[in-house]
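What follows is a pair of complexes built around chain A, which joins chain B in one and chain C in the other.
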Partner chain A sequence: MVVLAVIVLPWTFTLIMSLADWSPTGGTSWVGLANYRHLFTDPEFGWAVVRTFYFTAIGVIAPLALGLIAALCFHQRFPLRGAARTVFILPMMATPVAIALVWSMMFHPQLGVLNYLLTSIGLPPATWTYSETTVIPTLAMIETWQWTPLVMLILLGGLAALPGDPYEAARIDGANAWNCFRHITLPLLWPHIVVAAVLRTIDALKSFDIIYVITQGGPGTASETMNIYLYQQAFAYYHLGFASAVTLVFFVVIVAVTLVLLGLRQRSLAL
Partner chain B sequence: MMHRRKLLAGSAATLGAPALVRRANAASSFDWQRYKGTHIEVNLTKNPRSDVLQKHQKEFEALTGISVGSEQIPEQQQRPKAAIEMASGSPSFDVIMVSLHVSKRLFGNAHWLQDVRGYIKNPEMTAPDWDFADFGAGAVKTATQADGRMDSVPLNPDLWVIFWNKALFKAKGLAFPASMDELVASAYKLTDKSKGIFGYVGRGLKNANIPCWTSWMLGQDAYTTNPEGTKLLTDTPEAIWGAEMYQKLMRDTAPPGSIGFNWYESQTSFSQGKVGMWLDGVGFSAPLIDPKSSKVVHDVGFAVVPKGPKAQHSASFVDSMAVTAASKKKGAAWYYVQWATSKKIMGEILRTGSGTPARLSVYSDPELVKTNRFGPEWLDTVKKSQAISAPGLPEIVPVTEFRDVFGVALTNTITGADPAKELRKATAAFQPILDKSNKKT
Partner chain C sequence: MNRHRWRKLLGQAGIVFAVLVLLSPTLFFFFWMASLSLKNEVDNMAFPPVFIPHLPTLANYAKVLAENEFGRDTLNSIIVTFSATALALAIGVPAGYGVAKAKATGSATLILLARVTPALSFLIPLYLIFQKLDLLGTLIPLVITHLVLTVPIVVWIMIGFFEGLPPDLEEAALVDGATIWQAFLRVAMPLARPGITVATILAFIGSWNNFVFGIVLAGRTTRTLPVAVYNSMTFEQVSWGPLAASALIVTAPVLILTLVMQKQIVAGLTAGGVKGG
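Right, the complex of A and B next:
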């Protein structure tokens, strides 16, 4: 009954709505698949998909790379390791909207602290979220800053669970640190990396709050990802039928990407 | 430490307050206590006017015996929440603050708000000193639907003005421009990028940037649609002229990154003393005279938008108060609207610098003129702008979509796109949306 109430019914209602032209004032008229046809012929939707994957690619790869490095560091013993780890995971605990507001102040081209720091070391000021070319990498940078700690925690757990025997055997055979990492750590850690990648991908694809608060999809439409596009259609333009179609397509995209990543994980476990 | 006698006197005053209110009611023929014991919910957008209403809410409750639950929601969340709740037929609120520049046609066509003309004419429902004739004609016109219904009462027209830095003008030996052409020329003269000084700042962010274009269009006495709201007039020579002016100012005389600026970034840039002029709503004046956030406290000037080739207008954006048509407590809700738009509350809004009220009498109240925290130049600018106010956005249902489509076109001009081409492209894209919307309603 709970599954029916919280999953089946909302999705069924969304599916029904996606077949209608429904607006708060204009009533409902059935339009069949017209919303889907419109969706796949709307260049703005196409660009929103491209931007979403661009943002997701940076928002997954960068935290994975940095999270792996951080996990390898925190796996070593050094003074104040516990305190350093606590500080490192702080961004993950902060509220996204609060983070977005603080970052948006730091990005201000004239008054932001980031440009102050750049110019104080002789570098030219950057336009950060105030340029069509740099806005997506900048937003992905915040995503990276916030979620690298999560990747680090997952991989740290993986590292702690690795057996010691292969390393001992490798050292007897004269393997150096890089060879140990390349041929033992990475393959054994791979299932954990895939788990982190799946979580990050789903999260990055769904990212809304930080983008909306900082840029609202701008400048122009340069940071209008699928989520922002969907929000605009549903809650700014009140195209609720069309927005339902976008929701379903978006859901299918997330499920497809997740299945691909889970398939990768299964393959890595089978190897 | 409080003396016992003072404490007793204070307690007596507090205990006696309801009696005083009752006596005041008795003196007036109007029965403010008619809906005593009723509870109403009020939905407000987050702004300083709402702060004033909430601060004085207890006075309303003491006056009427009506208890009030009120909440403030940021406008971008409040609008869809209100629309969806009202579409459901049973909104959770009886009174709503409406952004007429966005929601007028949507709410009006759906008949979600109560026509208040009957209440205004009924002496049993409206206090004799409420004085409807006191409201500015422009604001009343904006609050009136095309079919004559008045489904909200104007509270606050936000007027667009020019904030200018007198010190920068003086340093260049310039006077404040008398025309829009002179404004552009001054912006160029003030700009000295090597020193980080810019002649102008305004909104570049799509959607938010539309009034920075329509303000110039109004100088050509040109509007974005025909009066019926059925045909776009956004690719006319006048519209293109406005977009070219927008492009020149934003591309050549504004700080780097202003393509992504909303009012906040524009305000912070201007308040640092490196920008000559800023076009935006007068409601953003307060931080400019606050020494904690502004370096231009002694240099900021307030001016009416200068005249264009054919006309002089100040773009205005009106907030109003309304009773929801689905409310089961319409009488009590109307009492709240009446109180919220009274001379006393609007005077308080002006006195505290929380807005520029729709009532004309508050601007000539000697006490308010004397105690107004922004000074005589500000007050004079507001009064003159009120007199020449004109809608800064078209009165159509898909106004947000309009703002996005044309907002992107304007943003593209900042990166070098041809204004005429961009406007023609946006017009071709938006006219079918407008046609569809008009067909539906």
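Right, the complex of A and C next:
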């Protein structure tokens, strides 16, 4: 009941607020759907949606691919496996603000250690978060670094639960490692991969801390995702009624994407 | 036989190499974090960068700890995190029990909904309510909003643990005339202690790491450590050493907790797929 109240009440409140022009000084007037009309005609919001999907696409696919590789590695026995796994999950546990701070120092165009490493192996220095074209991939790279461990853990759990029999049969039939992976591991692991993909998508769409701390949406508005846009509207400009409309649209987008991915799971089970 | 052994050894070497490649960004990141925090300003601004400090110094840490606001920020963080975790356990453990026993899948969906909902969307209505109640200068809004984060974590993990418990023991207690509340307190709770440990750790980490609630709701005197670190970043951009030191101090409790309790943390994360941050 308490949980219900905590979740449902704010939503009702948000819905009502999204229909009003709410100013912090107290004057409130009903504006109906004007907030929504404004939202859908605001090109800045449109770009925020595009950027969010760009960021999310990298922030889902890269951790899934790396997480799968990592899970296959950690599924094997090797010395110091426990210690290695602990180190591997540190990025997802560490305080995001602290992480963001250190990354931003590493990205420094002249004094940053990353550009030093790049140039010392003969590559040109990168602009990281300092240019409009590289800022989103750079932030998605941190997202990948941070959340690959979660994908790895979910898939590792899936691998541990796989039955041994199909592998025995395949070995008797003379299948090689790649065929075993392609035709046994991947299909059996698929439900876990979908779960990881859904969780990763939800979290990437909502990503806030790292982006806000490192760029605040900049340079210009080049890394202003939906969540950052929402924050600016609500707590930098105090357009609370408008921000409530943004919240609802944002929420609908997240639920829609989640449902599409879950639908993918249904279909894959049916196949 | 010998060739077989060689192949196995080679396979092992390949795995170890792959793991090293996967770990290298993390190892380098934390090495660099420590390196920045232990170097003086000259070494930090040097190019090419200084990797191993010539003269490791704790001056950066001393500087951070000597700042008169640091103690208050730490105290704020401790109060908020401990209250939010304790309250979440008080609410979430019975709630998880109720959901598990009633097999109420609807409630589980609601908890999932909490995960899907962006944290910022709770903040707008709550912000206005706190403003109306004139609570914005206190820690109460922070504790309450952190509950939005910690309660779902606790409920989610406890549902999993209570569902895994054999029902026989509680049924025996109920037959012996215990009330449901007694069965929960005397029988289910002690059995679910490992689950409670996991829930506590993850709720603690989630609350300690939280930034977005603090940046909106906390004032200068009520800010938590992540907000304080963010603020110092915007004000004294040039001094990398103290910044890195403060980043390390903030995240140290979480890193230590992860190293010590990694088994429970991994169990909790894989059980619920609940993220720590």
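By definition in this document, the second predicted complex is superposed on the first by the 264 of 271 C-alpha atoms of A that agree within 3 Å, B and C clash if a C-alpha of one lies under 4 Å from a C-alpha of the other, contacts with A are read in each partner's own complex, and residues count from 1 in each chain.
Heads up, the rule we're going with is that a contact is a pair of C-beta atoms (placed from the backbone, for glycine too) under 8 Å apart; a residue touches a chain by one contact, two chains touch by 3 or more.
Quick caveat, the model's predicted, so the values are computed rather than measured.
**Q** Which holds for A:V113: it touches chain B only (first), chain C only (second), both, or neither?
**A** Touch status of A:V113: second partner only.
**Q** After the superposition on A, what does A:G220 contact: first (chain B), second (chain C), both or neither?
**A** Touch partner of A:G220: chain B, not chain C.
**Q** Applying the document's definition of touching, compare chain B and chain C: which contacts more of chain A?
**A** When the residues of chain A touched by each partner are counted, C comes out ahead.
**Q** Once the shared chain is lined up, is A:F235 touching chain B (first), chain C (second), both, or neither of them?
**A** Both partners, chain B and chain C.
**Q** Regarding the shared-chain residue A:T127, is it in contact with chain B (first), chain C (second), both, or neither?
**A** A:T127 sits against chain B, while chain C stays out of touch.
**Q** Report for A:L153: first if it touches chain B alone, second if chain C alone, otherwise both or neither.
**A** The answer is second: A:L153 touches chain C but not chain B.
**Q** Of the two partner chains, chain B (first) and chain C (second), which one does A:F78 touch, if any: first, second, both, or neither?
**A** second
**Q** Which partner chains sit in contact with A:W178 here, chain B, chain C, both or neither? Use first/second/both/neither.
**A** Neither partner.
**Q** Chain A residues touched by both chain B and chain C?
**A** 24, 110-111, 234-235
**Q** Under the definition above, what is the set of chain B residues touching chain A in their complex?
**A** 80, 83-84, 86-87, 106, 109-110, 196, 204-207, 255-261, 265, 268-269, 272, 274, 397-398, 400-401, 404, 408, 411-412, 415, 440-441
**Q** Considering only the defined contacts, which chain A positions touch chain B in the complex?
**A** 23-26, 108-111, 125, 127-132, 135, 215-221, 232, 234-238
**Q** Note which residues of chain C are touching chain A in the complex, please.
**A** 12, 15-16, 18-19, 22-23, 25-27, 29-30, 32-33, 36, 45, 47-49, 91, 95, 107, 110-111, 113-128, 131, 147-148, 151-152, 155, 205, 208-209, 211-212, 215-216, 225-227, 229-230, 233, 240, 243-244, 247-248, 250-251, 254-255, 257-259, 262, 265-266, 269-270, 273, 275-277
**Q** Which chain A residues qualify as touching chain C in the complex?
**A** 2-4, 6-7, 9-11, 13-14, 17, 22, 24, 66, 69-70, 73-74, 76, 78-79, 82, 84-99, 101-106, 110-111, 113, 116, 120, 145, 147, 150, 153-154, 156-157, 195, 199, 202-203, 206, 208-209, 212-213, 227, 230-231, 234-235, 240, 243-244, 247-248, 250-251, 254-255, 258
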